[in-house]
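The following pair of complexes shares a single chain, chain A, combined with chain B in the former and chain C in the latter.
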Partner chain A sequence: MQGPKTVFTLFGFPITESVVNTWIVMAVLIILALVLRRRLELRPGKAQNIAELLVDGFTGIVKSTMGEKNIGFMPYMATLFLLILFSNIIGIFGFRTPTSDINVTLGYALMTFFSIHFFGVKAKGLGYLKGFFEPIFVIAPINIIGELARPVSLSMRLFGNMLGGSVIMALISGAVALFVPAVASIYFDLFSGILQSFIFTMLSMVFISLAKD
Partner chain B sequence: MEHNIFTVGAFALLGAGIAMIAGIGPAIGQGYAAGKGVEAVSRQPEARNDLWVTMLMGQAVAETTGIYSLVIAIMLLNFVSGLLK
Partner chain C sequence: MFEFNPVDIGITIVNLLVLFLILRKLLWKPVSEFLEKRRQLINDDLDNAQRNREEAQKLLEEHRQLVAQNKGEAAKIIDNAVRQADLRKDEIIAQAGQEAAALLEREKAEIAQEQAKVMQELREDISNLSVAVAEKMLARNLTAQDQEAIFTAVLEELESHAN
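Let's turn to the complex of A and B:
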């Protein structure tokens, strides 16, 4: 399995395929948002119905996992979900999935990691840091290692699933050329992509709301 | 004792295979979670959506160890392909 290829170099920084494919995903999402926003009607058409379903569904999920008072997290979580989802299923169109690069998933996991502790400290003040020394203070190193393991396990889960999926897809496409890769692609690209992006967002929501209260 | 490149590569590949034995654990764990999920749905069919989400979350967390072993196996394969270059 080769790593992502370097497309070009900008001021000495290598710009890899993962970065370029993430730009493509971002462009698709921005264009989609602008197009859907332009023609909002009281009696929604097909596209607007799907968009409203998405927003309503996500509002419901955030309400049920984080509680009514944390509804302000909904736009961030929905953005994270859509970004990871589109990054995962871009593999169907022949691009290299950006999420099968550990740097990308570690970036997403670090965003969650910093928001966990930022919102924890913001909600509870210094009492949040006291939580590390419970139940007894001897256990503090274990708690801190546990906290540091969270972004590692979050990023490794997404990375391993997507990389494993693309390795297996490459093996299947090499072995059988007809029909079988299409069926396997439904599971490895579509199902596992949707599931993993959902799980990443769900775990982020659970961790942040746990840190807050 | 002499270490040549092929012995090192062969043992690294063997290690990759052994690392994937860890796949047994998540399989058992996920199957257990799925079985309990079916039990819970049959007992309380109206809570189906919540149970489904909870089951998937638990399975995703149980999967972590298997994914670690997969990442280690892929790292070893990369090591071998770098060694032979």
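Let's turn to the complex of A and C:
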């Protein structure tokens, strides 16, 4: 399987298929948001029900994993989840999934990595950095490697799952053209995509709230 | 397949941040605020309903008391009226009795007066009659002295009869 193709170049930078597909996903999400929030009424209609379900659901998940005081992370986590989710399942519609590109998943993982340490320092000040030398200072290099491993594992998990799914789907489609790829697609594109986006978001939430406490 | 491309990583991070800002403004914030507002509204409504129900209960209780009180008052008023009517009845009966007695008294007086008048007339008639009888019996005119004596004698006799 080939890497993402370069679609066009912008100011001399090559713009790859992954980035373009991410923009498509973003456009879809923005349109969806516009449709869902079109009319907010006391007696909700169908669209508003979905919007309320999303907001209530994400609020509940963020509340239960990060605690009541970190409810402000809900918009970011919900956005991250929806962006990865739609990037994952866009494969069903024949697009190359942006998340099977290591640069995309590493970008998301780096955002989580920066957030962990930014909010850690913000919440605890220098005490946060002291945390690396506990329980004894000898352990510090291991702690630091552990911290660096987090974005690597996050990005690799998502990238590997999605790329692997795509590869297997390509193999199955090549071997049996009828019926079997449809069933396999439900697992590899849909189920795996939902699961991986959920895992990525959950881990981000857990890491950030751990760094803050 | 496994090439790191810092430009793609940068674009991805920018993408995520931009989408985060857009969705926060479009969806997460307004819907969250709306939900919060509605929760508030429903809470207020429920509180209001509770208050109204309590107030209604209180009013009902007050009205019941008022009605009971009024019933008592009405009974008292009727009682009073009956008592007053009884009083008035006795008064009227007494007055009627008095009037009847007065009327009777007047009648009696009138009868007595009439009786006296009749008596007087009778006495005059008898005296005249007795004078005439005496004149006829004597067949002659008596002197005034004789007349007087005879009249007195007859009168005395009559009076003793009348008594």
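Definition applied: the second predicted complex is superposed on the first by the 213 of 213 C-alpha atoms of A that agree within 3 Å, B and C clash if a C-alpha of one lies under 4 Å from a C-alpha of the other, contacts with A are read in each partner's own complex, and residues count from 1 in each chain.
Just so we're on the same page, a residue touches a chain if its C-beta (ideal position, glycine included) is under 8 Å from a C-beta of that chain, and two chains touch if they have at least 3 such contacts.
Predicted, not measured: the structure shown is a model, and the values here were computed from it.
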item: Partners on chain A (chain B, chain C) - clash or fit; value: fit
item: First (chain B), second (chain C), both or neither touched by A:Gly164; value: first
item: First, second, both or neither for A:Leu34, with chain B first and chain C second; value: second
item: Partner chain in contact with A:Leu203 - chain B first, chain C second, else both or neither; value: first
item: Which partner, chain B or chain C, touches more chain A residues; value: C
item: Degrees between the directions from chain A toward chain B and toward chain C, using C-alpha centres, nearest 10; value: 130
item: Touching partner for A:Thr6 - first (chain B), second (chain C), both, neither; value: neither
item: Touching partner for A:Leu195 - first (chain B), second (chain C), both, neither; value: first
item: Partner chain(s) touched by A:Met156 [first = chain B, second = chain C, both, neither]; value: first
item: Which superposed partner A:Asn49 touches (first chain B, second chain C, both, neither); value: neither
item: CA minimum distance (chain B, chain C), superposed complexes, angstrom; value: 7
item: Residues of chain A contacting chain B in one complex and chain C in the other; value: 1, 163
item: Complex interface listing, chain B residues touching chain A; value: 50, 53, 56-57, 60-61, 63-64, 67-68, 70-71, 74, 77-78
item: Residue ranges of chain C in contact with chain A within the complex; value: 1-5, 7-13, 15-20, 22-24, 26-32, 34-35, 38, 41
item: Chain B partner contacts - residues on chain A that touch it in the complex; value: 1, 64, 153, 156-157, 159-161, 163-164, 167, 195-196, 198-199, 202-203, 206
item: Complex contact set, residues of chain A against chain C; value: 1-3, 13-16, 18-19, 22-23, 26, 29-30, 33-34, 36-37, 40, 42, 51-52, 54-56, 58-59, 74-76, 78-80, 82-83, 101-104, 106-108, 110-111, 163
